[in-house]
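Two complexes follow with chain A in common, the first pairing it with chain B and the second with chain C.
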Partner chain A sequence: MPQRRHLVASAIVVLLLALLPLAGSRYAIDLTTEVLIYVLFALSLNVLIGFTGNISFGHAAYFAIGGYACAILLTTHGWPLALALPAAVVLAGLVAAVVGYFCVRLTQIYFAMLTLAFAMLVWGVAFKWKAVTGGDDGFTGIKMPEMISHHVGYFYFTLVMVSVGAAALWVICHSAFGLTLVAIRENSVRAGFIGVDTKHMRWAAFAVAGTFGGLAGALFGMYHRGMYIENAFWTESANVLIMVLLGGIYSFVGPIFGAAALHLLQTFTNQYTPYWPTVLGLILLVIVLVLPDGLIGLVARLKGRRGTHKGRS
Partner chain B sequence: MTLTMFTLNAFYGLALAMNMFIIASGLNLIFGVLRVINFAHGMFYMFGAYIVFTVAKTWGAPFFVGVLAAAAGLAIIALVIERLLLRHLYDKEHLMQLLFTFALVLLMSDAAKMIWGTDQYSVGYPPGLGGAVNLGFVVLPQYQLFLCVVGPAIAIAMWLLVDRTRWGRIVRAATQDREMLAALGVNVPMVYAAVFTIGSALAGVGGALAAPRVALVPGMDATIINECFIIVIIGGLGNLWGSFLGALAFGFVVQFGTVWAPNWQDVLPYVLMLVVLIIRPWGLLGRPETGH
Partner chain C sequence: MSAMLRIEDLWKSFAGFVATRDVSFDLKAGELHAIIGPNGAGKTTFFNLITGHLRPDKGAVSFEGRDLVGLPPHKIVRLGIARSFQRINIYPRLSVFENVQVALIAHEGQQWNLFRPGRSLHREGTRELLELVGLAAEAAETGGELSYGKQKQLELAIALASQPRLLLLDEPTAGMSPQETGETIASVRDIVKARGLTLLFTEHDMAVVFGIAERISVLHHGEIIASGDPDTVRNDAEVRRVYLGEDGDHG
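After this line comes the complex of A and B, so read on.
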């Protein structure tokens, strides 16, 4: 395993990102912060999709729970960040564990529909529990700790959190546990034959995905100084799913590129036309009809073609 | 709650259930045969409602001409989508099909904005159905009564079509073994195209019939698709009478929820679905999944 090379490459990327504020552009810093948050969100979902082979259509639920919980604990209850953030992440993980318990009893399309149903329940609660969540006005005016209230400070905070989160997910996905998940994805019946408790493993994957999704949500809420019910709606779940698929589900780094590409594209498209849904719809058609293995798959295919070419000449 | 109030609420619940059944039965039929969860079904519903608005209100044609236009319009749209794009995806993973239908949602939502704008529209009750029927202890609106007749009629028509005709037998065979059916000389792709067309036309009819009851706004598709999912999941994916039961449960829960737990009526259907799924993971009348 070329672990060392990966480590060096990631360190360089993080260092380069850390130098970004030197460029002094507020716009670039904010945009990068957003991309980083979506990267973590997409990576967390890929634990379920890419590694376990379970399509969750309700991942926005854990994003929203993390975001709302962190916002409410900080603002309504006045908790310090050092307590509120871990509590929000743990809560998202716990809810994912409870939901996952029921979802992993089903597979394939039934699994996807049940995750969607639970997510819409979360959305419904966020919508109707006005006293706590602010309902459809959203939860605004989050009290931020002094240290990270400035956009540069928040950028570094996000960079550290996302790097730590991504590193943790990398370790999880490449551990014995992660490899077991891949075995379940490839052939869950055979994985069962060799003594893997597939249900248990899928359950654990569900909880892991929810936990890190919650962290991404908490970062998102603090960045925007508010959480809105749209963040829990099924279209948000679809959005992160598209990020993962655009990048490519069969590699760890795929979703990173997918999240970055989709979010940047959305931001730039919105500057020129209100018809972002049309653009996204066309992108989806391209993924579905010609790019089923995502950008990473495309790169691999191009590389492969060049490789065979060289070999022949 | 007095008898009058109870009857009235039960009746409104029933009318809502029947309207929802018409829409959900199309989604259910498509899933049962094609194994495709069509996220664009809510969009088809919205187009049905908008078409009836254009035909009946803008052009001044009779309401039921508008309903027929909605059915025909959605049938044509669905047929084109199926023949041009969807038929290439049957062999791919479920995920790709889901994404494809989601792409349809995005493209059609922008198309609707371009055609109809973002204003809110309403369609009045058709003449002759705008009144009420007095039963002595309760007065029932005619249009809702009409829905209570149309819903079961469509259910019975679909049951006859699928369970009692030769074509229905072919459709049921297609859900069991596509290759074998093709080997027997049946043109399976045409069966798929027909099922997708009929299912989508039902969404159009459901939308057209809902138009006098609801406000026509962008985004009306997003809630309806979730409610349809709830209904077909409660009943059991692919089961016609299951969807009927699911629609009834949905209608009553929403209507009585509005009375007894106002503010939470939108959440109650999800709770209902979770309870059903925890007790019977494959829905009330569904069967456990077998492999693929």
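After this line comes the complex of A and C, so read on.
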């Protein structure tokens, strides 16, 4: 079974990451925490893009809902983390289910535009509902539980959460459900003619993506001790979309590499030049022109293997 | 015996062009029935109306007594009608194996299982179907990279995976080499007989039609102009005039 090989490889990666605080500086630990959060965010979006074939331009909405909800429940309402985090994730999933209900009625560019429209609505709520969200000042001063208030503690917390989230997504994407989603991506008309209600399946995929996007957002807010309206803006949706494309949509692990590569590149570029958007533009050009299957596709081509550009890693 | 598939006064037009004109049609269980007619006669539209891909402007379609008009394709499949397509309609980036496997998953209603690995399900059933259509050796290949003829066979395997009682094949041998055509006719006939299926198919190639069909209906400008056993249809004056006469060398 190939599953065994994947399991061993993932365990080694998680173990190596767990050793990081022994050797790494605070800077390295914080940077890795950020990368892990973006990895989960990108993986969640790829359920929709890579597995279902539906491109969302509004995935930041669920990231922001998870982030704001967790922050508000912890701080304003004084909920314990063990309640606030699951509640925030469920809320993100529920909102995704409501938005998805409308979005899956459309396909292609119309679907994408509707996801964008709903995301802008979420942004508008975060901006206008000042009493609850802090408006354009952001929601700051999140009350953190003692155990994870230290940066090393938070790193381990994030590592566990992201590992569990990624494992759950892996199981879902490789399940009978996931394989059927790939069939819908490949040919949704044909999927209908084998008895699949493609609209319902796409709806479920939308809710799954939103749920895990919400978890990433909650982790992000706590990490930064605050949520800001920029986190709900469409540029955040574009950013995670580029991560997914850069890594490669036709593979489960692609977005992991895309998220890590893009975030590290952005961090390092910002140290030398203020022209990150220019660099980002160049990266996009390279993806579109020479890396249609992303970094994973490139690796596969270098290895001269065939067949990796399928719905699985 | 009453009809398995009953179609009454069916009409469909596209922006003023009438593709299906007052078609009434009965199909008995166990029948092997061919729909023939020149290009543009409305054969594919007729199939699309039966399978829910298109909604008729007027008329009734019922299967085993159940009204099909307005039902989406995925519900009609579940009632026991599966189809193949004239133009290749597979999952190009999935393996040949997965193309069939996912149809079996859907047939069993397992598409909502978020936990069981999709690749571990119905391996036996998938292998059997691939053997049945002669694709066992190509199981690991990517669907979209098969030859045209083999993709057509894959179409057939996908349709059979839905365990239909009524099988609709839209030009099952179009684009195939003469050898592939011969093999496909033989295998379709065997499969349909062995499984006790009812078959409705459209076809261009007269050799295929007369090789399989027990009854033939001729569609011309969206209308059924003749219907009956092969000899009756072959000798029908109207049919000879509009269709068989044009390329009589096939008949």
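The definition used in the following text is that the second predicted complex is superposed on the first by the 302 of 313 C-alpha atoms of A that agree within 3 Å, B and C clash if a C-alpha of one lies under 4 Å from a C-alpha of the other, contacts with A are read in each partner's own complex, and residues count from 1 in each chain.
Assume contacts are C-beta pairs under 8 Å (C-beta built on N, C-alpha and C of every residue); 3 or more make two chains touch, one makes a residue touch a chain.
Computed from a prediction, not measured in an experiment: that's the story for all the values here.
**Student:** By the touch definition at the top of the document, which applies to A:190: first (chain B), second (chain C), both, or neither?
**Tutor:** A:190 contacts chain C only, not chain B.
**Student:** Looking at chain A, does chain B or chain C touch a larger number of its residues?
**Tutor:** Looking at chain B versus chain C, the one contacting more residues of chain A is B.
**Student:** Contacts for A:198 in the overlay, against chain B (first) and chain C (second): which applies, first, second, both or neither?
**Tutor:** In the superposition, A:198 touches chain C alone.
**Student:** Could you tell me if A:112 is touching chain B, chain C, both of them or neither one (first, second, both, neither)?
**Tutor:** first
**Student:** Check whether A:174 is in contact with chain B, with chain C, with both or with neither, and answer first, second, both or neither.
**Tutor:** Touch status of A:174: second partner only.
**Student:** In the overlay, answer first, second, both or neither for which of chain B and chain C A:121 touches.
**Tutor:** The answer is first: A:121 touches chain B but not chain C.
**Student:** With both complexes superposed on chain A, which partner does A:31 reach: first (chain B), second (chain C), both or neither?
**Tutor:** Neither partner.
**Student:** Which residues of chain C touch chain A in the complex?
**Tutor:** Residue list for chain C touching chain A: 51, 53, 72-74, 77-78, 82-83, 85, 89-95, 98, 101-103, 105-107, 110-119, 121, 142, 158, 161-162.
**Student:** Flag every residue of chain B that touches chain A in the complex, lowest number first.
**Tutor:** Listed in rising order, the residues of chain B that touch chain A are 35, 37, 85, 88-89, 92-96, 98-100, 102-107, 109-110, 222, 226, 229-230, 233, 237, 263-264, 266-267, 270-271, 273-274, 277-278, 281-282, 289, 292.
**Student:** Would you tell me which residues of chain A are touching chain C in their complex?
**Tutor:** Interface residues on chain A, with respect to chain C: 3, 171-172, 174-180, 182-183, 186-187, 189-198, 201, 204, 250, 306-307, 309-311.
**Student:** Spell out the part of chain A that touches chain B in their complex, as residue ranges.
**Tutor:** The contact residues of chain A facing chain B are 49, 55, 57, 102, 105-110, 112-114, 116-118, 120-121, 124-125, 127-128, 233-235, 238, 241-242, 245, 275, 277-278, 280-282, 284-285, 287-289, 292.
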